[in-house]
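Look at the two complexes coming up: chain A is in both, with chain B in one and chain C in the other.
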Partner chain A sequence: MRPLTEEETKAVFEKLANYIGKNLVHMIDRDEDDAYCFRLHKDRVYYLPLPMLNLATSIARPNLISLGTCMGKFSKTGKFKLGVTSLDWLAKYAKYKVWIKPSGELPFLYGNHVAKAHLGRITEDTPEHQGVVVFNMSDVPLGFGVTARSTLDTRKLEPTGIIVFHQADVGEFLRDEDTMF
Partner chain B sequence: MGRRAKNKQADPTPLPGTVPDRSANSRRQNKKKRAPSAAAKDEKSKFKAPKGVAAKSGKERLPAHRRGKKVDEVDEDDSDLDEALRPGDFSEDEDEEETVKVKSIKKGKKAASSDDEDIERTGPVKQLEFSDSEDEDDQEGLNDDDEALPVGQHAFDLDEAPSDEDESDLEMDGDDFDIEGGSDDDDMLDDDDEDRDEEDSAFASSGDEDEAMVGEDDDDEKGIEGEDGDIQTNLEDELEETYTLPAVDNGGEGEEFEHGTSLRDVEQRMRWLVGVCMGKDEKTSKGVPGKSRSDHFVQLQHDIATYFGYNTFLVGKLMKLFPADEALAFFESNESPRPVTIRANTLRTRRRDLAQALINRGANLEPIGKWSKVGLQVFESPVPIGATPEYLAGHYMLQAASSFLPVIALAPQPEERVLDMASAPGGKTTYISALLQNTGIVFANDSNKARTKSLTANVHRMGCKNVVVCNYDAREFPKVMGGFDRVLLDAPCSGTGVISKDASVKVNKTERDFQLLAHLQKQLILCAIDSCNPNSATGGYVVYSTCSVTVDENESVVDYALRKRPHVKLVETGLEFGVPGFKSFEGKTFHPSVSLTRRFYPHKHNMDGFFVAKFKIEKRKKPSKAAEVEAEAAEEEQPQLKLDESGMIVEEEKTKFDDAEDRELIQESKRKHLLKTKGIKLNPKSKPAAASTKKGEDEDATTKAQIKMPKGKKVTDSRRPKKA
Partner chain C sequence: MDVTQELADYAAANSTAVLQRANPVITDPGLLAAFDNTPVDAEEYSSNLESHLLALTLTSTQALIASLFTLPTTSSSSGPITSLPAPITLLPREKPLPKPKPLTKWERFAKAKGISHKKKDRDVWDEERQEWVARWGKGGKNKDKEEQWLHEVKAGEEADQDPAKTARGERKARIAKNLKQQAANLAAASSKPIPISSLRDGPSSKLSKPSRSLGEESQETKKAGRDKRKAELERSMLISKTSTASLGRFDEKIQGEPKVKGVKRKFEPVAKTDYSGEKESALNVLKRIESGFGSDKKRSKKGGEGAEGGLNVRKAVRFQGKQDRAAGKSSSGAPGKKGKRK
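Now for the complex of A and B:
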C-alpha cells in the first residue's frame, strides 16, 4: 500500500472527472474529521478514510486484501480502469445521470449497452462521450457508462439505437466475483 | 430423496394398508407353491423331507414366534457344534454362524446376488454387514417379484414366472441346501424369515456396539456403520419402488421387534423405542422384557442412524444432548430445509422499501420475527432471489436467520473498532458494518484466501466503506493487531447444526475431527479475548458462536476460556429466545455462568442449530494486583542481588544513591555504548572483569584478545587506570 505517484494520480483523477466533473473536489478536499485518501495496493486504487489508513498499516502487505472502497485498477500498461465497486462514490457525485426503465434493467445488468427504448430519463444537455451513471427508475445505481450521443441527438435516434455504452454494472458482482479481486 | 419422499407419504397410512398387503404377499407365496413346477416342488419336498421335517414344522408354526425361538430352530438343523453354542442368549459366534448359513441359503436361492457372495468371501462377516446384505437381498428378491407386476401385461402369469425361477433355482441348488441344513419352505416364509434374521442381527450387533462403546472401540464401529449407511441408501431406492405400503404386520409392540427389514419398519420401531426410552406412555413404556433401557436406547441410536443415514458415532454424540423424543425431532428437522431469509441492508435501503420492491417482483415474504428489524423471510419467489437487481445493488443479503444472532449479540456501536475473525462470505461482517452505520472500522479476517474474494465482493456490493479485509490465520491475531472494542468469533466448526444444508456431515465426522476442531476453537477464543481491549469505553465484548450443537465445541470451549482468562466473564447475549447452555455435561461441570450462553435448535426455533456466547472483557484486576505484588517483590529483590554482587554496600542502597559508584557505572555503560556504536562486540565476560579488581592482568589479556578492532587497545588502556 502506497500513495499514488503523480502520473497515477493524474490517470485516476482524469477518469473520475469524466463522471463527476468538478465534484471531484469534494472527494479530495474534505473536512478535517472526515478526510479520505487514495492509496494503491496491488495495482488497485482504494479510497479510504484516514483513520482506517493508520490502522491498516498493521496489516502486512501480502495479507491485506482490500480496504475502504476499491475505485478501480491499473492495467499492466499503466492505464486506469474504474471498477463497479466505485459506483457508490460515482453515484453520489455524478454530474450526468441516465435512468432506465424496468424493462431495461436486466439487459443492462447482463452487460449490454443501453438502447433508446430502455431510456427513461436523461440529464439535460449531456454531451457526447460523457461518463454517466446509470440508475433505475427508483434511483438505485446500477452501473455506469459513456454516452454515445448527446441528449439532443438522442431525440432523432431509432428505438434500438445505443445511447449509453456499457462500462460497468452491478451484475459483475455475480458474473466476475472470482476475478474482481 | 427416497427417505424424504417416504416421510411424506408413508407415515400416516401403514395401519390400514398393512393387512391386505400382507395377505397379498402370502397369497403370492401360495401361488408359488401351486406354481407350474409343482411337481418338481413336490419332488423336492419329498427329497428334503427326512432332514428338513423338524425345521419345517417348526417354522410353519413360526409367525407368532419370538426371535430366540426361531434361532433355536435353525440351529436344530445345523451341526452339533452349533447346538452346543446355542444356549439362551446370542453369542457372537452363533450369530456369525447363522449369518453364513442364511447367506448360503440365499446364494442357493438367488445365484444372481453376486455382491452377497462377495461379502461372504471377505471372511468373518460382521453382523451388521450381514443384516444389510440380507436386507438388500431381500429387497432384490421382492424386486424380482414385484417389478414384474407393473411392467407386465398379464399380472398373473408374471407373478408366477419369477416364483418359477425361484423354484428352479432352489432345485438346482437343492443339494447345497440339504448339506447346509436349510429348509425348503424358504420361499414360503421368505420374508418373515429374513425379517427376523435381520432383526436378530441388528439387535445383537447393537448389543455388541454397546460393549464396544464401553470399551471405547470407536473405529470398528465406524467402519461398520459406514458400510451400513452406504448399503442402506441403496436399499431406500429399491424400497421406494417396490414398497408402496409396509409389507409387515405391525400389530403389537412385541411384534414390531420381530419385523425390521424396511426403513419403514425401522422408523416404526424407532418411534416406539422413543416411547420406551421416554417411559411416559403407559402402553409402550414396557419395552422388550428382559432388556434394559440402555439396550433400547442403543437400538434407538442404531435405528436413527439407519433411518436418517448417519454414522452411529455422530448419532450417539447428538443423542446425548436431548431426551429421546426431542432427539428424534432434531434428526427429523435436519431432513427439511430451513426457510430462506434475507437481511435488508440498512446502508442502502429500509426493510419496508425492500419488501415492497421484492413484492413488486412477485415474491412472497414477511418479517422474520419480532427479534429482528432487518430480517425478511421469503416464502416463494418467481425470480431467483439471489439475482434480482435489488440484490445486485446491495439492498439485501441472503443470510440464514441463525447468522443474525451473533451480530445481534455483539451489538456493535457506531465509531467502534470491530474484528470479525472468520468472516467469509461476509454476511455477519456486512451486518456489523451496517450496525456501525459505516463509521468506525471493521476488520474482516478470513484464513482462506479464496474465500476472501467473495467476502470482498459482498463488502463492496453492500456498500460497506469501513471494512478492511485481511487474510491471516485468526490465531495470529493479537500479534497482528489488538485493542478492538468488539470481537466476533464465528468459529470454524463441525456443522452439526446445519446438517439440513450440508448432509455430508452425517457421515464424514469422526471423533478426531471433533477433537481437532475443539482444539482450534480453544486457541481461537483465547486469541479473540486477547485481541479485545478491556479498557474500551463502549465495548470490551467478545461473541463466540458456532453453527454446531455439540457440547465440546461450545460450552466446553467457553468454559476453557473462562478458566484460562480469569478477567473474562459471561454476560447475557441479549437474545430473546434460545435454550440456555448446559451447565454440566457427561460428568463435566462447567462454570455456572455458562447457562448465560444460548443454544438454538432446528426443531425448536426453525433455524440452524447454533450457539452464541457473549463475553465481557474486564480490566485485569487480579492479574494487575498480582503484577504489582510481583513488581514490588522484584524491586525488593534487585537490591538484594546487588548486595550479593558488590558485597560491600548494605541497606543504604535502598534509601540513597551512592554517587561515586554510580559514576563508575555510568562511565562503564557509556563506554559500552560507545563500543557498540562503533560495532565492536563486547564479551560479557569483560563485565565481571570490570567489577572485580583483583583479576586484573589476566582479564586484560583476555579483553585485548576479545576486542579485535585496533581501537579496542586504546579503550582497554583507558580502562586500566580505572581498575587500578
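Now for the complex of A and C:
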C-alpha cells in the first residue's frame, strides 16, 4: 500500500472527472474529521477514510486483501480502469445521470448496452461520449457507462439504437465475484 | 574700501599648507599618479585626521600638477595641449598567464631529439611558371602531379591505371593521415577521445583509440579522466547490451561485466501525522486537469475559450459576425434583419 504518484493521481482523477466533473473536489477537499485519501495496493486504487488507513498500516502487505472502497485498477500499461465498486461514490457525485425503465434493468445488469427503448429519463444537455451513472426508476444506482449520443440526438434515434455504452454494472458482483477483489 | 585684510583672513582660514616631505613625492605623469613614500606622521594622523589627510593629498596633487606643467606643450584652438609620456610604473597583469599549449606528438619527439623547427614559407617559386605559387590549397604546388596534362608511365606500371587519380588518392591519404594525427593530438591534450568527424566532416574513419595523457598532467587528473572514460565505456556497453530484440535477456554474460543498477522508485510514506501536503498536491493535480473539463473531447484545438456550458464563445461570435455580414450584403436597406439560416 502506498500513496499515488503524480501521474497515477492524474490518471485516476481524469477518469473520475469524466463522471463527476468538478464534484471531484468534494472527494479530495473534505472536512478534517471526515478526511479520505487514495491509496494504491496491488495495482488497485482504494479510497478510504484516514482512521482506516492508520489501522491498515499494521497489516503486512501480503496479508492485506482490500481496504476502503476499491475505485478501480491500473492496467499493466499504466492505464486506470474504473471498477463497479466505485459506483457508490460516482452515484453520489454524478453530474449526468440516466434512468432506465424496469424492463431495461435486467438487460443492463447482464452487461448489455442501454437501448433507447429502455431509456426512462436522462439529464438535460448531456453531451456525447460523457460518462454517466445509470439508475433504475427508483433511483438505485445500477452501473455506469458512456453516452453514445447527446441528449438532443437521442430524439432522432430509433428504439433499438444504443444510448449508453455499458462500462460496469452491479451484476459484476455476481459474474466476476472471484476476480473482483 | 580695503578688503585685503579680509581676503587674507579668508585665505588663511581655508588654505592648507603644503607639507614638507622627507622623501620627495614621486610622480608618474603617464598614469597621472603621484606616490608619497614618506612614512605617516602617527601623531598628526591620530590627533586631527581629516586635515592631515587633506594636507597629504594636497602635497601629492601639487607635486603631480607641477610635474605636468614641466611637460612640453603644443598650442591648439582650445588651449595648450600636452601629450603624456609613457607610464613608468609597471602595473600587474590583469588576466592570468595563458596556459602553455599542450605539445603535439611530433613536437614532443622533436624536443626530445633536439630538432629545431624550421618554418616553411607558404609560397614556393615555380620555375616553369616563373611565379610564386602556394605550397598547398588553391592552385597549390602539391597538385602539380595530378593536374599535369601528360603523365609519364614508368616501366612496370600497368597501362590502364590513371596516374592522376593515383596521385590524387595519395594526396587525400596524406590529408586524412594528418587529420587523424591532429585528432589524436587533441584527444591527448584533453585526455578524451575526439572523433575526427568533429575536426572536419569527411569520410575519414572515426578515432576510437584511447587518449594518451600528457606527461605534465598530475596523477589525480589522469585518474579522474580514466574514471570518467571507464564510466562512459560501461554506460555505452550497457546500452549496447540491451539493444537486442530481447533487450539482452538471452545474451551470455561476460566475466566482470558491470552490474545493472536500476533507479529505485521513491514514494511518499503511507501514513503520516499530517495529510495536508497530500491534499494540496491532489488539488494541484485536479487544478491542472480542470482546464480539460466542460466538453472534454470536443474542445477546439485552437484553444476554444469559453467552451464552458456547451457554448464555444469564440465560435459563436464568429458565426454571428458571418451572419451579420451576409445580412448586410443581401439586404443593404434593412440592417439588423436576420439572415436566412441554411
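In the analysis below, the second predicted complex is superposed on the first by the 181 of 181 C-alpha atoms of A that agree within 3 Å, B and C clash if a C-alpha of one lies under 4 Å from a C-alpha of the other, contacts with A are read in each partner's own complex, and residues count from 1 in each chain.
Assume a residue touches a chain if its C-beta (ideal position, glycine included) is under 8 Å from a C-beta of that chain, and two chains touch if they have at least 3 such contacts.
Just so it is clear, the model here is predicted, and its values are computed rather than measured.
A.B. asks: When the two structures are superposed on chain A, do chain B and chain C clash or fit side by side?
C.D. replies: Because the two structures are overlaid on the shared chain, the partners are seen to fit without clashing.
A.B. asks: Touching A:Leu67 in the superposition: chain B (first), chain C (second), both, neither?
C.D. replies: It touches chain B, and chain C stays clear.
A.B. asks: So in the superposed three-chain picture, is A:Met52 touching just chain B, just chain C, both, or none of them (first/second/both/neither)?
C.D. replies: A:Met52: touches chain B, not chain C.
A.B. asks: After lining up the shared chain so the two structures overlap, which partner does A:Ile20 touch, if you call chain B first and chain C second: first, second, both or neither?
C.D. replies: A:Ile20 sits against neither chain B nor chain C.
A.B. asks: Contact-wise, after the overlay, does A:Val133 reach chain B, chain C, both or neither (first, second, both, neither)?
C.D. replies: Once the two structures are laid over each other on A, A:Val133 reaches no partner at all.
A.B. asks: Output check: A:Glu177 vs chain B and chain C. Expected answer is one of first, second, both, neither. What do you get?
C.D. replies: First partner only, chain B.
A.B. asks: Chain B and chain C, closest CA-CA distance after overlay, in Å?
C.D. replies: 16
A.B. asks: Following superposition on chain A, which residues of chain A contact chain B and also contact chain C?
C.D. replies: Common interface on chain A, chain B vs chain C: nothing in common.
A.B. asks: Show which residues of chain A lie in contact with chain C when the two form their complex.
C.D. replies: 1-3, 5-6, 9-10, 13-14, 17-18, 21-22, 24-25, 28-29, 35, 37-39, 50, 53-54, 57, 125, 127-130
A.B. asks: Which residues of chain A touch chain B in their complex?
C.D. replies: Residue positions touching the partner: 48-49, 51-52, 55-56, 58-60, 63-70, 85, 88, 105-106, 109, 136, 138, 140-142, 169-171, 173-174, 177-178, 180-181.
A.B. asks: Considering the complex alone, what residue numbers of chain B touch chain A?
C.D. replies: The touching residues are 357, 387, 389-390, 392-395, 417, 441, 443, 449, 452-461, 463, 465-472, 480-481.
A.B. asks: Touching chain A in the complex: which residues of chain C?
C.D. replies: So the residues of chain C in touch with chain A come to 267-271, 275, 278-279, 281-283, 285-286, 288-290, 292-293, 295-298, 310.
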